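Paired with chain B in one complex and with chain C in the other, chain A is shared by the two complexes that follow.
On to the complex of A and B.
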């Protein structure tokens, strides 16, 4: 937000009077172009410019990244990925050159990243891991020492200026790795220094007990701090990275987000396509000729693919490294296959080869060329045929790969236009003749709220719709997409899952004026509230274990049913009633819920709430709790 | 009271018959005009309360509770338990609407209660027993044979707002009662018992006393679950009372044991007098000023406050007691500052000034360290007095960026280090500049 405001002001000052909204809309595409440039820089840093250009090209079209960088997607991730890639580039550069200036710039960009996205934790763990691995590999250098120390100190101090982070770097587990590596590199540097100053023998006697002591003390201190809760344990989101079942068991609210689900293979294919196969190629070439910077790429690739496998959302962090490695792989490939000079001029190539081989080129070349001129000719002619053939093979291979890249481009365009460009508020569907139908129920309902309800009325919904309600309908919500208080979300879940009578009490207590539920059964829209309902119960169960029990919502056959055979708790729940109220009247007694393929419940009564609005396709349904009964009658009349 | 006056003044325009009076009006519906004499003392009591009483038989064609959504009476007494209909078309909804408009009802039932009356009572959460039942208590019944099945009810709720006479002297209270019992809906918090049965009181059928022995105890209404008189106050503070005995309102019961009575005794007449005073809004009515909220540091009242501001919340509450406004007497008036959950809940302190009709309830409060839109809610719900609910919605802001403390004591090590570094740099540079090695290097 600060970024867009800054851009807006700069444009305004240089005489380009742009609407702030336009700045926001085009912020993500603009930054994605910067990402492509930094991908080029990063790849060039470890490989050459051919690979760099290819990597930048991949970065520009990879759907995994386009999902967050289309025009109008105004999200933290938009700039965060640019910052991620650029910070890594700067880090590699500073680690290679040992330049303090570059380390400082790295730290500055790290600071920017901290202010932009919670995913900065990835950087602050990735860089220490790199340093640690290099230390383990015995690749310690003064350059590394200078760059890491500078980066860590400035980066940490800077990040502590962000209110959200505060003093976290000193006491949370997420930041401990960085601190530990910082300590370790100091010790290693000190050892190196001693190594320089003293003889080996002295050093041994000196260093052994000293090192053991320090390491022992550090481990003891760390375990003491963890045991006494001085160091905060890992946040739930990070635990779920190691133990994929963890979130489901203990923090259902994290597991309930579709972005936090493990990635399906189809998702990988859709987002990365041929890059999946190119990455190992790139990885191979990187491993073949390992340098300090290339170690980083390997580490990033391993961690990135692991994380992407655990959580759909982290596909975003995988995409840059996949593009870089594919760029390197493809670059190597083209360098080999497009190198016709070796074939066109075998003589030259031979001499150059031999000249390269031998220390005395002239003598050897002459000696070889002179005695058997015929043989050379014969060789040449057979070479000609072989040459033609291998040339064809070369051309064919190049053609195939180019075709593949072309297809990749087509795939990317298709994915972008079909999956990532449509706003989630307006849906599109096709009828039997292939005509496009626009389903605009959300905006219809939000408009209704804007025009028909008092400005200060409070609307309750599941938290997914909080931002939309606030932004599009301009109404107060109880929980939204940024709600940190798990209890509030669980309270909403409790309202939805309890009986009308109990829910009415809570609704009155919280001054709720309207209740919004999403019903997709008429359209076959599967992302509706009834399908999210099980997650709501799980989330509510964590806070209200006595009131909500997941198993009560399964019917006698153990199925999650919504029709007449649903469990009593399910049929009594407010969510079920609000969703299916009057639906059977509209669809007929034998109607089908198209989102779940089940029979509709036929008898749904509603005593405590009044239906006030239902959108065109019955997707959004709004209810108002009845006013408190003046005579205290139950249910109110 | 002002409100009632307002209604009256509107009313005066077109009802010339009441031009002479501006007193609140009550309507008493009796079975027939002959029954008027039985209740003469009751009516006398009402008139003494400076209420203009209109008495109509239930069959009267011009029975009307309201006209154009405006109540014609402030109070209605239903003294006709067996009436199957009221006037020409007054139904349950009419009475409910009358209460919704702010009217008060005295409902008197008895054995042989009609379905209409029974349904009317159930709207208020009062469930009367079947018409063919009556209340019996063989341990505490009236000794004389002239009044069969009259019981002595002594289980009176001690509420100083409803029954001040009883609350003052609870020992000698006794009510003579002959009629039907009822139970109240426990889910409805607006209705509460006033006279309940004692442990030996039961409700039984008239015809077959032997049925009683067959019925299981859970089917028989008895003990303190059995209500004789209940009071009701709706959310708009209209009041109603439900009495299961017509006889106890009659002259006969007012003087049932005059000969035995001692000066401090509290009997039917005093009881009815207290009860009617409460139902007719002459006691336990509260009024309050708009709460005054201001910052204590500069005595300024603002639209919004900042976190951890110290504010003073104060509200003036007055109670109408026997014809005049007096300071409201309570030590449990609480204020809640809530945003979904209550962040602060505190009891307000009461102060009174002499000769003031108000009591001031106030408290200095340090606002919560949490920003957001808060609701300042004063909710005081006690039986017998007006439901009090005063809400103010006030936003609380976070500190502005330049309002944080500039120098923190925890940060002094950092300040010290930075200055140490500066001075250390200067010292070392000076030493270096003037050191012999440096001079040597210059010379070379």
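On to the complex of A and C.
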């Protein structure tokens, strides 16, 4: 947000008076272009520029990232992924060169990332993990020491300036790994220093007890602090990364979000397509010739794919590394198969290869050497035929791979246009003749609220619609998409699940003017409130265990039914009544709820609430609680 | 069918003369109030008689007052002599005789001498605003209004008598010997089929660009269905009425004409594109018909606002006068001559940057004209913006506005020059930086070389 405001002000000052809205719309695409550039830099850092270009190209089209970078998706993730990739690039560069300047810049970008996205925790765990692994592998170097120490100190101090983070780096578990690694690297550095000073034997006797003591003391201290809750336990969202069932049991609000569900295999294919099998290829080449920076890629790939498997949303953090590794894999491939000079003149190819190697210390080009030995072994006559044949094979393979990449491009375009380009607030459907119909019920109702309700009215809805109501209808909401406080969301759930009489009391206590429910039964839109109702009850149950019982909402056959055979609690609930009020009058007594394929309930009465608006396709229904009866009649007349 | 109330309709106005001592008598007054027109009119015909006492000075001024509640909706007022048909000058007085009235002074062209008679006519036009009675209705219920007319009159006040009614006309009076400033309220309660819609706010912004040779136009409209408040909303009833084509009191769409060469037509509201619009060739020559549907049916008592805009060629509106060396821009204040009242009207014309010597000529009596400076796209000095505003008007009342200004074609080059200078500056800075770095490097290497030589 600060970013878009800054861009807006700069543009405004140089005389380009663009609308702030346009800045917001084009922010994500602009940053995604920067992401592609940083993917190039990152890949070039560990491999060569051919792989870098391929990685950048993949980054530009991979649907996994496009989901957050299409024009109009104004989200923190849009800039956060750029910062993630760029910070990693800077980190690798600083770790390789041991330059303090680069680690300072890394820390600055880390600071920017902290201010932009809660996912900064990934960086602050990923980099220490990299350092830790290098230490375990015995790859300690002074460069690493300089860059990590600089990065950690500046980065942590800077991140503490963000109000949201504050003193968290000193006491929460998420940040402990970084602190521990920082301590460890000091010890290791000290050991190295002693190593230089004394003989090996002396060192051993000196270090062993000392080191054991320190480690033991630290472990004890840590466990004591965790046990006494001095160090905050992990937040629910992070727990669910380890134990996928955790959220469902303890924090239903996290589990209820579709983005927090484990990723389906189809989703992987949809978002990554051929990159899925190009990644292991890249990983193979990376492992084959391991360097400090390459270790980082391997770690990132492992963690990234694990996290992406746990939560759909984290597909986003996996995408960059997949693109980088695919770039490396494909780069190696092209280097091998497009190297015709090796066939024509083996002698020449050797020289070019060696010159290549000397020009780029990172690219070792071992794979490139593969075709050469066969050729030098062959005698002259068979060389001619073999040469022709190999050329054809080479051309054919290159053709096939290029075709695949072309198909991948088509797939990406298709996914982007079909899955990620439509705004979720406007739906599109096609009639039997193939004409596009636009279903604009949400905006219809939000606009109605803007124009035809008093400005200070308070609208109650399920939390999914909170930001939309605030942004599009300009009305006060009781709950919105900020889910940090579970209790008021649970209170909404309680209202929806209570009987009309009880709900009316709470509604009046909370001073609610309008109630909004989403009904998809007429269109067959399955994301409506009745389908979310079970989650609402589960969330409500956590706070009001005495008032809400999930089992009560299943009918005698144990089914989640909405029709005439629904359970009494279901039929009495405000949610059911508000949703199905007058629907049967409209659809007929034998009407079908198209979202659930069940018969509609025929007798729905409503005594405490008045219908004030229903949108064209009945998707959004607005109700107003009746004013309190001055004579105290129940229900109010 | 004409509906005319012939009466001394005291709810609206009273008459006084300015000379308290002189015996100026309204010897005969006939008021026709036509409520059936889109803009109700109140025509008062007065026969003045100067019954001279001690005073002999001729009378040149007659004061006419309008109830301040009614005055809020006053669109236009004019006075004329009946015999000659000559227009009389009428102006609003700054000082009011009472809080409840707004006074107008009619200047008599031929002063009224003692013992003489003069017949004058005063026509006041109002925006339609009737008070709904009952205040709220259900879907498709008939809407009734107080104080106004049609063939179905529910009730009317029976006093002061005599009152007689036939079909469409209510006649109050005649009454004799009425004191000045004497009032007696009367009211009519009637049915009206038409939806009493009104545009509460209308703002047209036109910006002229000589560079692209086009104008861009944006109309902001805020619509109000001025009927009774809707209660007991029921989508099923609405649906039934729609398929039976018997839906009442609801605005479901409207048409706007735009020029044939209009490009980039849009129809949006505060939350983005309204997906229900259609463009087709209009029957009116040289124009396109834009069929607009609001996001939701604007039912009784509801509101909706939207923006319509497009780009059109400048040459259709701009003429150059070589003798005065001035450009003359003709702006149409409204797209269609529709019969609907506008409560607050605003026309903003943004001239190109560098326009000077500005003159304007609104053919409608704008309440206020303002010239402000505004920074435009890549603007450095700011462009002049002229804002005309008027209260209580209608599209049929406001004629075109002419704006004349001088503009040098050299101004066209200003923006490209500044932009290219800016880019060139960046290029220069970078290339200088590059050569500086190269210089430093070469110095370093020569140093290294000299070192190694040593």
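By our rule, the second predicted complex is superposed on the first by the 603 of 637 C-alpha atoms of A that agree within 3 Å, B and C clash if a C-alpha of one lies under 4 Å from a C-alpha of the other, contacts with A are read in each partner's own complex, and residues count from 1 in each chain.
Please note the rule applied: contacts are C-beta pairs under 8 Å (C-beta built on N, C-alpha and C of every residue); 3 or more make two chains touch, one makes a residue touch a chain.
Since the structure is predicted, the reported quantities are computational estimates derived from the model, not experimental observations.
Look at chain A after the overlay: chain B and chain C fit there side by side.
When both complexes are overlaid on chain A, the residue A:17 reaches chain C alone and has no touch with chain B. Residue contacts after overlaying the shared chain place A:434 against neither chain B nor chain C. Comparing chain B with chain C, more residues of chain A are touched by C. By the touch criterion stated above, A:443 is placed in contact with chain C alone, chain B being left untouched.
Of the two partner chains, chain C is the only one that A:472 touches; chain B does not reach it. In the superposed model, A:611 lies in contact with chain C only, and not with chain B. Look at A:597: by the touch rule set out above, it reaches neither chain B nor chain C.
For the overlaid pair of complexes, the smallest distance between C-alpha atoms of chain B and those of chain C rounds to 12 Å. No residue of chain A lies at the contact with chain B in one complex and also at the contact with chain C in the other.
By the touch criterion stated above, chain A contacts chain C in their complex at residues 14-17, 426, 438, 440, 443-448, 450-452, 472, 582, 585-586, 610-616, 618. Interface of chain B with chain A (complex): residues 96, 99-100, 123-125, 185, 187-191, 232, 234-236, 340, 375. Contacts from chain C toward chain A in the complex involve residues 232-236, 239, 269-272, 275-276, 295-296, 301-305, 375-380, 422.
Residues of chain A touching chain B in their complex: 478, 488, 491, 510-511, 628-634.
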